[in-house]
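Next, two complexes with subunit A in common: one pairs it with subunit B, the other with subunit C.
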Partner chain A sequence: MNIEKNTEKQRLNFWEKIYLPEIARGLGMTFVEMFKPKVTRQYPEEVWNPTGSYRGRPVLVLEEDGERCVACGLCSRVCPALAIEVAAGETEKTKERYPIKFEINMLRCIYCGFCEEVCPEEAIVMSKDYDLVFEKQEDAILDKDQLLIPMAQLQDRLEFLRQYRR
Partner chain B sequence: MPQIIIDGQRIEAAAGKTIIEAALDNGINIPHFCWHPALSVAGNCRMCLVNVGSIKRAADGSIEHDADGNVIVNYMPKMQIGCATPVADGMVVDTQSPKTESAQNAVMEFLLINHPLDCPICDEAGQCKLQEYSFEHSKGKSRFDEQKVHKPKRVELGPEIMFDGERCISCSRCIRFADEVAKQPAITFVQRGDKVTIENFPGTTFDSPYSMNVIDICPVGALTSKDFRFKTRVWEMSFNDSICTGCSRGCNTKVGVRDNTIMRIEPRSNMHVNEYWMCDHGRLTQYDFVNENRISEPMIRNSSGQLVNADWNDAYAKAAELLRGIKHQEIMVIGSSRSTNEDNYLLAKFAKSVLKTNNIDFVRHFNEEFGDSFLRTRDMSPNAHGAMEVGIAHHAHQGTSIDHLADKISQGFIKAVYVMDEDIAQIPNIAAVLEKVQVLIVHAHNINATAQKAHVVFASSTYAESEGTFTNVNKRVQHFTPAVVTKENERYMGMKMSRWDKFGAFNDRWTQGERRNSRMSWRIVQGVANAMNAQWHFKDSESVFEEMTHHVDGMKGMSYELLDEYGGMIMGRAGSPEVKTVVYESHYFKPQVS
Partner chain C sequence: MEQWLVQSLVLGLKMFLIVNGLLIAAAYLVYFERKISAWIQNRIGPNRVGPLGLFQSFADVFKLYLKEDIIPTLANKGFHAIAPVISIGIAIAVYAVIPFGEYFYLGGEKVYLSIAPHINVGLLFILGMSSVGVYGLTLAGWSSNNKYSLLGGLRSSAQMISYELSMGLSLIGVLMISGSLDLMQIVQSQTGGQWNIFFQPLGFIIFLVSAFAETNRTPFDLPEAEPELVGGYHTEYSGMKFGLFFLAEYVNMVTACAMMVLLFFGGWDVPFLYETLGLEQGSVLRALVQFGVVVGKMIPFLFLFIQTRWSLPRFRYDQLMSLGWKVMLPLALANIAVTGIIMMIFQ
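Right, the complex of A and B next:
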């Protein structure tokens, strides 16, 4: 047992024992803060808009002629939490392959961004969505319709990737 | 035998062998695309360039050394291709030096000039030779700024094969396969230089029964299977060793499974049976009946005449009760040439020692048109020889044979039929009298006409869910393991599945492939026998096989371990197995640590 000795030095003195000066000091601090500029955000009335570097919910990029994704399955392979499932099909386009099914289980997703990093087509990117609420487990599995976001809405992230991705 | 030195390692190689063969026999892999041990040497990919020379000797024959005391090797001024250079005594080959590596890098750079690098789309990705060597031997970037050559894509070379000209590296493996192995020279190179591509000869199509092997030997993704195209990525599947059940050749296969569903079947090398090949019939028809239309629970016919799901023990008890009500010689037992030796052995034992009947036989499946001189046999079932050897055989003047079954049923001599994994209702004269049978007990994987008429139906596992042995047309006993998970083999299979099937949870949608409550037929037979007070305690297929080796003459000395080691053993020759050969796998999916 390693109990320190209750020495004279460690004991509280009289003023410390009655706590009153400390209470006064705390109230003083509160009083001073009242006149400083406010930093608290009134969420959800006041919504925060993250910058391009923010890693929110992963989404699929939707171009004019459909999704960029070719269902290569690399995101699904690299995902450490096994959140992504892809099933591929054949199309008539030059890129012969497309996802018939693309599902992300948001209960599994840990927002690591590996899927975005590994994607050879820049088809899956991290969006700014951070306020995800689900009432049922099944609702948390997002399908292709919920994941496809028009490219115009993802400009910040794509610009960020262009600058910083190696 | 000539002695050569490869990378400082002294090797004995048989005269006439090429450098690449000699190296492979000794575990040294020289990178190559166009060379394949079963095909003629083309030497057109240039990937196997190696430095070849000989030790420098003085006029008196003594070995010369340089200032540091190293042996001086006189290399040829130009590099040689390993696949077409025969070994000679005293040859020095070097596959690792900077000069060899720079040659390999240069070849890779040339091959990648016009390759589209569409690995994300390509089915071959993950088991591609070009991808593998790009990783090992190339610079990682291209110095080629110009436009890549565009070639025809999605060309149908045959009914099962799709060709992508841009991915092709013109190794000619498929052309040589068609000429030399499939014996249907229907494809060839057209154009020249960087425009070269592969086409059918006018008016022909590559529809040989072995055509799909070109998909396996294609070192890149130029030839893809129309059946498998884009179904799944290779790394999402688990591959377990199995045996094709399409005919009695018993080609060794690997079964690719994802979501507990068979995605594809591909050949596994076994030089004694199928070499590197298998036929399209085996590849395409042997998984539908595993995936679809299955009986997933045992069933009992209730008082209102409906088949209802039941508990295993209830089903065993019901079957035992029904069989007890019939006299011994009024019971017919039908084994199966599609079931394993273990299943048939235990069924024969059940018939002889528990049911005490001589009426035992199985249905033969012959198709004279199916057989050919290469792999396909006219016997369309995998284990007819095995079934006979382990005791499922009708002896003349003893009991009832399958041919007389219909007569015996209609005359009232046979009142109960116990059928294992066989659809006897397919035989017209038996189907006509099947209603007259008082007790019909059936093991079935699929919902079929026999199962629908049965009083007790046991859900049996298919070959893809069982462990056991088959005896092929040449009496070779071969061991195989399950690839699909059932409730019976769940714990054994756990870690053998792909990362996907292993780690899926109940709320993941991808793991919704059904885990059926089926059992291996021998276990069902044991259950029924024990319900009739037999006291059998076989734990797994191996314990049944172990007992079998003591009772079946030809199997003496065999064990699963030995069967795996020697790629199967011929009946009666377990004491003197064939020489083990080096198994060449052209390219394969490397097991990943997950």
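Right, the complex of A and C next:
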């Protein structure tokens, strides 16, 4: 049989086997490491600004003449966590439908971005908000006023979607 | 004032200073442990509580005081409560015999820089006390009625018993050279740069490795090996009872460093320092400088203890045991024999 032995005896020489020089080498390495530049970001002071590809809190796009959403309910249907609730209403404008009620439960949302992907109007997009804190469970259910964000603030994401969406 | 009153007042003050000094030192060791670990991992470390995060450890202890003290229903309550007390009590009791300097005269009264100066079994007392310290860990593991705690406690007792042997034997060479168990006298025998490290390098290495094992520090921290034993012997402890174990570990670390400095690195001796500074025997300033020298010599060893924890992985249990019994013990015995032969030749 063609078996090669690979014992500790063969692998290590005398100095490696008594450990101490190797331990000293290891300590030397960590000592040098102590003086290298630090990588920590001091968060509340140094805020991170994500790029357009970041999936933060989902928001509704607000144009000059009102929201884009036509309350088709696709986002609510596709949401795997059942976080979105939509109720539709009708108007006399060119866009005949608008959401009377649009709620996202942020305790349920898993930031998958399916709602954005499925939306035919590009009306719901993922924003850059990541520091979400709620003091009560009720506060975590965001209604339409909290969700509507002016289009100008969402340019990075819309640009990203235009480039990479099929 | 009467003599006994002055003496007991001085003694009380010394005890107060040493116990509080130790606890504060332990708190700051925790802070530096976190800082150094952060620096090694290219992080910044605690920097929020106070300037540079210097009050972080006090915040930690304060948190531990406020936490709920949970005692498992099936635990043996008496032993569960007494185990941390044994741990920290023994750790601090060792400082009765550790001198931080010689003495100074205060109003005609000779004040030593240790609680019990010139006790003629000083070294034996330290070794004996550190053996009793095992009871704290073993009792903690056993009384918790938890298999992980029990395993941690058993491991700690097995480990400490194995390494105590080589630790004690490694010090016999020092004893043979200085001819005394009194720590003061051991230090005095090293005056003028005749430090024991130059005569006992092997003894020092054995003592250093055993000290790591005795204080349960990485690479020998098997009693609390997080990945396999949850928290080891203190799994079932919370609040300040856990805090006491934590403090005991750091106090033990300080003890080990103090022993290394006193036994191998000449204690407060620095060649020509006191002559050049012109400090008289028995002056307050000389005593202060001696204290500073001892503490200053301890700092590199404390740093070594902390840095080692963040550099080396943990030993396997059988590796630990075979290192203790098959390597350390024969080496320590050989060290004694060689020291004895050399002393016979040069006498």
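As a convention for this text, the second predicted complex is superposed on the first by the 134 of 166 C-alpha atoms of A that agree within 3 Å, B and C clash if a C-alpha of one lies under 4 Å from a C-alpha of the other, contacts with A are read in each partner's own complex, and residues count from 1 in each chain.
Please note the rule applied: contacts are C-beta pairs under 8 Å (C-beta built on N, C-alpha and C of every residue); 3 or more make two chains touch, one makes a residue touch a chain.
Keep in mind it's a predicted model, so treat the numbers as computed, not measured.
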Query - More subunit A residues in contact [subunit B versus subunit C] - result: B
Query raised in the report: With the two structures laid over each other on chain A, which partner does A:37 touch: subunit B (first), subunit C (second), both, or neither?
Result: second
Query raised in the report: Who does A:20 touch here: subunit B (first), subunit C (second), both, or neither?
Result: second
Query raised in the report: After lining up the shared chain so the two structures overlap, which partner does A:29 touch, if you call subunit B first and subunit C second: first, second, both or neither?
Result: second
Query raised in the report: Touching A:62, do we find subunit B (first), subunit C (second), both, or neither?
Result: neither
Query - Complex interface listing, subunit A residues touching subunit C - result: 20, 23, 26-27, 29-31, 33-40, 42
Report summary line: subunit A partner, complex, touching residues on subunit B are 118-121, 125, 153-154, 229-233, 235-236, 499-500, 503-504, 507-510
Report summary line: In the complex, subunit A touches subunit B at residues 70-74, 76-77, 82, 85, 87-90, 95-97, 103, 105, 107-108, 120-121, 137-138, 141
Query raised in the report: What residues on subunit C touch subunit A, complex-wise?
Result: 36, 39-44, 205, 304, 307-308, 310-312
